[in-house]
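Multiple structures are listed underneath, in structure tokens.
In the two assemblies presented below, chain A is common to both, partnered first by chain B and then by chain C.
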Partner chain A sequence: MEFLDEIKAKFPNVLESVDGSNENESVLLLKDKTKIKRVCKEVKNHFDILFMLMAVDKPPKIFELNYVFSSYKTQNILTIRVNIERDKAVIDSISSLFESADWEERETYDLFGVEFIGHKNLKRILLPEDWPGRPLRKDFEVTDEVRNWTGLDLKF
Partner chain B sequence: MRSGTGLGLISNFRFMEKERNRITINIGPVHPSTHGVLKFKVDISGDTMKKIEPEIGFVHRGVEKMAEMKYYSNFMPIADKLDYIAALNWEVLYASVVEKALKVVIPPRAVYLRTMMCELQRIMSHLLFIGHSGEDLGNTTLFMWGFRERELLMDIIEEVSGGRLAPMYISLGGMYYDLPPGLIPKLASTLDIIEKRVKNEYRALSYENGLFKMRTVGVGIIEANLAIKYGLTGPNARASGIKCDLRKNAPYLAYDKLDFDIITADAGDAYARFVVRVNEILESIKIVRQIIKDLPSGEIKVKVPWIFTIPPSYTFVRQETPRGEAAMYMVTDGGQKPYRLKIRAPSLYAVQAMSEIFVGGKVADIVAILGSLDPTPGEVDR
Partner chain C sequence: MEEIKNNEFSYPGLGEIIFMKTEKFIEDVLNWGRSRSLWPLTFGTKCCAMEMIPFGATKVDADRTGTLFVGDSPRQADLILCSGTISKKMARRLLNAYEQMPSPKYVIAVGACNISGGLFHDSYNSIAGIDRIMPVDVYIPGCPPRPEMFLDAVLILRKLIKENKIKRYENGVLGRDKS
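Right, the complex of A and B next:
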């Protein structure tokens, strides 16, 4: 995989391959979350779009973000995996590099509460503005506040 | 006469003042031509759209959370309600993810049956699209015709699986039932009918009809780089000249053994998207005919228990649904339920791209462009 070596060569100490990835679905683990934007800039030379962004809640400490990139010309898939602290869930937004990341980041913010710095319109997307809690977190509980939510207080 | 002219000037002036402070109008969420529940906040000046903000989430059901709360097998009925127009495609996708994680290989007959069901569902989805396009443009005859042909295939699906909109035909490890006796000849004659009607009757009413062309040619143009920027896939991207089709480029199921072409068009307007879908129906009919010809015999499923565990793993599968590249990314932790299941819905990216596609268009074309992108709020909102 030429692109893989090229990307890794640019960031020798912060990127490492993860075992179990097969031929055209490679996974790279990014150890330093502050480098995400620079790594994505390099990824942009080889891939066209952010295919999807999956956050995984791993309590008690970690949110794992999986950035999946795909290309129209080749059929390669690249996953950049980065761990961020759960109680300080903040990372740079890549929506200025990949337009398709805009709504994916909003969705991750909506359902997990991960904040993306530099996103121009970071607000909830699937749930209403006043919804209590972040439902895809593992510690989300259906409290009375959720149960009695009516949506009637929303302003249009 | 003179005072009349004066009044005209004043009203013109007022109009210009309004242009300076644009008017915001809301379209949806409950509107017959938003194909479900979508809302648009549109800033208009005159009748030109200046800024558009799609709002989604009106049918959010928390499917990804539900997946974490159910056994692997029990999620299937929810997977097929993600996109209620192409349910079988999503069933196949979910089954493929779990089978890949379980390392189960399904028998050849099941592979071919799944391919056949995917293509039948694609034809049905595109027929519904044709019908809706007709309705959106005020052509109710086309609407009725689209549904008439879709109904023929609905009957086939009902005979095979017992369900119509949400068939629940795919099980983990294969299919629930084999084809009933006498279905193949019926299917073959149905395909002949559909092919004949799409080629002849539809032509007069839609893609070679002057009025239809006036409403769609040059409307809602998506250029190739815009499609790539927003991650559009499927017929929407192919109508902009991008040759991407996972069935051909990264074959799954039995697609590598079948002969078919990737349909593309260059214009990227609403008309091109319509024509691409019409031609895809014909292409899918070609595929189903080949499957009928070399459908292997034998088992239709391997035994997979209802409740099982999958060791910790990451599994990623993507397939071509009628709306584009859909994918599921499943994380397992060794338990009886998925730890996390992320769903990529192709329609979400089409709706996201609308904020740029609509700019500069006329208000009257909103419905035509929206219809030509063919989004399903069910999979947008999940």
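Right, the complex of A and C next:
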């Protein structure tokens, strides 16, 4: 594909094609997480929207972030895959480039605890603000304390 | 003589008896009135709310029991029809709506999720039964229940109101209604 070569040519040694990806649904592995914003700026020349941001928990060390972009014209799909450390889950926000990244990043922050630097309104989106824990992490256990939590000050 | 006057086991006088009888009579008349015009607040969060629609429609006519779907505002409602899973974030909104309703107020818990958590009883983000956060008078089992069961629940609630058996939290303690 043309756009793949163009994007890869701008970032040599950093972007790498993943085996087994289709023509229309290609996957690129980004080795350096600090360059995510620059790569996405380049991606924006070929793709219109970020329609999905998935995080996959791979204990003990890695969170795998998948940024899935799509184009209205050519109907191509591009996934950019970044591995970040589990202990220090911090990455630059791309919400200034793609508007839809705003809520996707808030959801990832809510359920996994990945922090996005530069996000304007980074707070929980699905769970209550004072809810304890990050539920989609693999080491999260549903204990009785979590089940009975209501967050309400009830005296009976 | 003073000792006899202060005795707490003394019998009530005739005036007191008449006052107590009158108070009870007025309360009975009020309860009779309340039981015949239950305006519900339809707090539908999920699929059980779909069964609430035929409950108000022609075949199972809710209007003939005085259950009028007017306004859907907690300020005018005296019955809350809570149907659907209540998530932990929604629990505060539910309690907020419940506290806005004028007393006396009644609660009907609709469906398995509201009774015990149902399918989501083990979830990290749902309340396992709304009787953990508010008093419930009538439970409707089923997943989802049939619209006829809503009618049955309202008839049971009418009976409970007339017999003064409504649950209520007073000063944070669950007690039977005394008034």
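Keep in mind that, in the parts below, the second predicted complex is superposed on the first by the 150 of 156 C-alpha atoms of A that agree within 3 Å, B and C clash if a C-alpha of one lies under 4 Å from a C-alpha of the other, contacts with A are read in each partner's own complex, and residues count from 1 in each chain.
To be clear about the criterion, a contact is a pair of C-beta atoms (placed from the backbone, for glycine too) under 8 Å apart; a residue touches a chain by one contact, two chains touch by 3 or more.
Note that this is a predicted model, so its numbers are computed, not measured.
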Joint occupancy of chain A by chain B and chain C, clash or fit: fit
Which of chain B and chain C A:127 touches, first, second, both or neither: both
Chain A-centred angle between chain C and chain B, computed on Cα centres after superposition, in steps of 10 °: 50
Touched partner set for A:3, first chain B, second chain C, both or neither: neither
More chain A residues in contact - chain B or chain C: B
Touched partner set for A:100, first chain B, second chain C, both or neither: first
Which superposed partner A:149 touches (first chain B, second chain C, both, neither): second
Which superposed partner A:135 touches (first chain B, second chain C, both, neither): both
Shortest CA-CA distance in Å separating chain B from chain C in the superposed model: 5
Touching both chain B and chain C, residues of chain A: 126-128, 135
Footprint of chain C on chain A - complex, ascending: 126-128, 131, 135, 140, 142, 146-152, 154-156
In the complex, chain A residues that touch chain B: 20, 24-25, 27, 48-52, 54, 56-57, 66, 68, 70, 72, 75, 77, 79, 99-100, 102-103, 111, 124-128, 135-136
Of chain C, residues touching chain A in the complex: 88-89, 91-92, 95, 122-125, 127-128, 132-133, 169, 172-174
Contact footprint of chain A on chain B as seen in their complex: 56-57, 60, 62, 64-65, 228-231, 237, 242, 244, 246, 249-250, 313-314, 316, 318, 325, 327, 329, 331, 339-340, 342, 344, 348-349, 352, 381-382
